Amino acid sequence: MSQMDDFFEAGLNLRRDMWGPGGAEKAIESATDFTAPMQDIVTRYCFGEVWNRAPLDRKMRSLLTLAIVTTLGKPTQFKLHVKGAIANGATTEEIREVLLHTMVYAGVPAAVDSFAGAVEVFKELGIEA
Amino acid sequence: MSQMDDFFEAGLNLRRDMWGPGGAEKAIESATDFTAPMQDIVTRYCFGEVWNRAPLDRKMRSLLTLAIVTTLGKPTQFKLHVKGAIANGATTEEIREVLLHTMVYAGVPAAVDSFAGAVEVFKELGIEA
Amino acid sequence: MSQMDDFFEAGLNLRRDMWGPGGAEKAIESATDFTAPMQDIVTRYCFGEVWNRAPLDRKMRSLLTLAIVTTLGKPTQFKLHVKGAIANGATTEEIREVLLHTMVYAGVPAAVDSFAGAVEVFKELGIEA
Amino acid sequence: MSQMDDFFEAGLNLRRDMWGPGGAEKAIESATDFTAPMQDIVTRYCFGEVWNRAPLDRKMRSLLTLAIVTTLGKPTQFKLHVKGAIANGATTEEIREVLLHTMVYAGVPAAVDSFAGAVEVFKELGIEA
Amino acid sequence: MSQMDDFFEAGLNLRRDMWGPGGAEKAIESATDFTAPMQDIVTRYCFGEVWNRAPLDRKMRSLLTLAIVTTLGKPTQFKLHVKGAIANGATTEEIREVLLHTMVYAGVPAAVDSFAGAVEVFKELGIEA
Amino acid sequence: MSQMDDFFEAGLNLRRDMWGPGGAEKAIESATDFTAPMQDIVTRYCFGEVWNRAPLDRKMRSLLTLAIVTTLGKPTQFKLHVKGAIANGATTEEIREVLLHTMVYAGVPAAVDSFAGAVEVFKELGIEA
């Protein structure tokens, strides 16, 4: 198997661990000509290659991702990555602190939007917070 | 001493640990009527209150800050926080991975600018990387 | 009462004046362990300390806030602050001009989104514009 | 007829070609005191003056617009401009490549949001992709 | 004289009042084929048409502009508009408060950069602050 | 040779065509442990894989890149890509129109900064514009 196939497999495994089959092979199988190259590149490059590099572990990368997508203002991606962060072992206290920290640097509205998004996800997952 | 004074002291201590007296009491003493309220609020609220909250430690908050200011595109603040991250125990490998991770989510130009900024700081500090 | 308590009270009063009890004490009472530190910091630092500084009055700060959150692209916060701006005495003409001015500097899409958000709020409040 | 009237007419014609009468004269007729100056300036300056300048043609300007509003993170404007791009002759392959290209420079979340938006528009228009 | 010529004249006058002949007719006379259409559109649309609309006065528009360009992170434009704000009657206290307000919403790094830029301009203009 | 090697070679070739050996093999040879993974990923993924996809040609991708980095506000990357765009066959008229188009959507300051950056590059390259 080539290294590109390895990265694809590693990315698929990470996606499955973070979001189940619905966010992994099923997302890729249901891709169309329009979305398939994006799914392929994101799986290989983002989840397969970058996310698996040492020395940062999955939980650390999840917390970084929450800070970055809060700064960017991407509520859909943020909520997805709250689920992924929980799957990667992050606690609600850690997520809260990431958002308070981001509030200092990216401003109140970015953080307030993400607090609301996290609360939605916690409810959906039945997590007390 | 009031809690506001406590936060100010804690913030000043953190600033001194991260950047020496030049980034702490000297910055505050040289503040003018124009800059003093900003120095005061940033010291109390940002460095005194938020940075010292559990359970995220200083190194973790430094790495989050590097990701956020890279996403925001603030090269001066980025270089300052590379120094602070080193003082807080971050390695060049960890900083590199934070930037590669941010590259995925915030794009190539944001990351390339921060790689260049980090290289400048490493040279200035005499760090091999 | 400490200065921090004073800032909290001042912030709560401003929130009540801008959005009624639902956006003030009720929001704070219903906060959870996850959201309470954010509500506390925002009330003290943002609404209690910064918003009450001379020489800019509340209406002026509302109009600045509308320009900033339009530039940031935060539609939920924008609509909230349209209500706050009306409570602080801003006219629909002033809000319109803030958005036309922001259009020049932050671009057409940012302004068009905020025009749509403001129209929604005016309808909800029964304001002709 | 003055040059300003010419620009307005040219802008109205472009809006009609891209979105039909609903996005052109009807949008302008239904404007209120609050929205009319914005509609007028956008029609004259944006669609009448800038969009019609040589040597970039309409399809090229549509593809540029898709890249820019993806970078800005404006999903409502993005979907509107996918329709406009199709009306201006862009293919789904070209739109896909604009989004993959933007993904490199503006990051994965910006591109993923726009892929989802484009898929919605293609379904609405009955386009296979 | 057509309305477009009127807007151009009004814009040129505003530019001259804010930055002297160097930021007005001289900038336009020295424009090349590459920059002339930009100078023309900015003078007519931005400074001639939008800046002169009631009921916001020049000082108010200057303060809004400082908040917006701080949020956008445009240090060169920011420093230019600090000069323009002073010419339009803004005080250093008002500029300070605009920046503290923007710090809440757009984050600490955006505000810190603008504080530094404003201090540079005040020195250049010989203003104590 | 594996597909990953192919992408690397293709990326290196594109970098050489756009910026000469200094922006291609020399940049990669001088990479350190800190910068090498970034140089490798950017060469393979960005320049090797995405830039070479049909049906958008190199000039089209250069113009898109100029619009995106203007919107992001990355002056160093912008100037680099003006050189690349010229190498890929873009004219100064096309670059001017990309910037005027971006001005509408991303605002005046973003465009003005890029006009200034382009003028610098044209001078450096001895191009009349």
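Chains: A, B, C, D, E and F, in written order; residue numbering restarts at 1 for each.
As a convention for this text, a residue touches a chain if its C-beta (ideal position, glycine included) is under 8 Å from a C-beta of that chain, and two chains touch if they have at least 3 such contacts.
Just so we're clear, the structure is a prediction, and the values are computed from it rather than from any experiment.
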Co-neighbours of chain B and chain E resolve to A, C, D, F
Report which interface contains more C-beta contacts, comparing A-D against B-C.
-> A-D
Where the CA atoms of chain A average out and where those of chain C average out, how many Å apart are those spots?
-> 30
Cα-centroid distance, chain D relative to chain E, in whole angstrom = 29
Gap in Å, rounded to a whole number, between the CA centres of chain E and chain C | 25
Two or more other chains in contact with one residue: find those residues in chain C.
-> 37, 41, 45-46, 50, 53, 69, 72-73, 100, 103-110
Name the shape of the chain contact graph, picking from line, ring, star, complete and other.
-> complete
Note: in the complex, chain C contacts chain E through residues 45-46, 50-51, 53-56, 60-61, 63-65, 67-69, 71-72, 91, 93-94, 97-98, 100-106
Chain C contacts chain F in the complex at 104-110
Going by the contact rule at the top, pick out the chain E residues touching chain B in the complex.
-> 73, 92, 95-96, 99-100, 103, 107-113, 115-116, 118-119, 122, 129
What residues on chain E touch chain F, complex-wise?
-> 32-35, 37-38, 41-42, 46, 69, 72-74, 76-77
Interfacial residue positions of chain F with respect to chain A in the complex | 2-4, 37, 41, 45, 49-50, 53
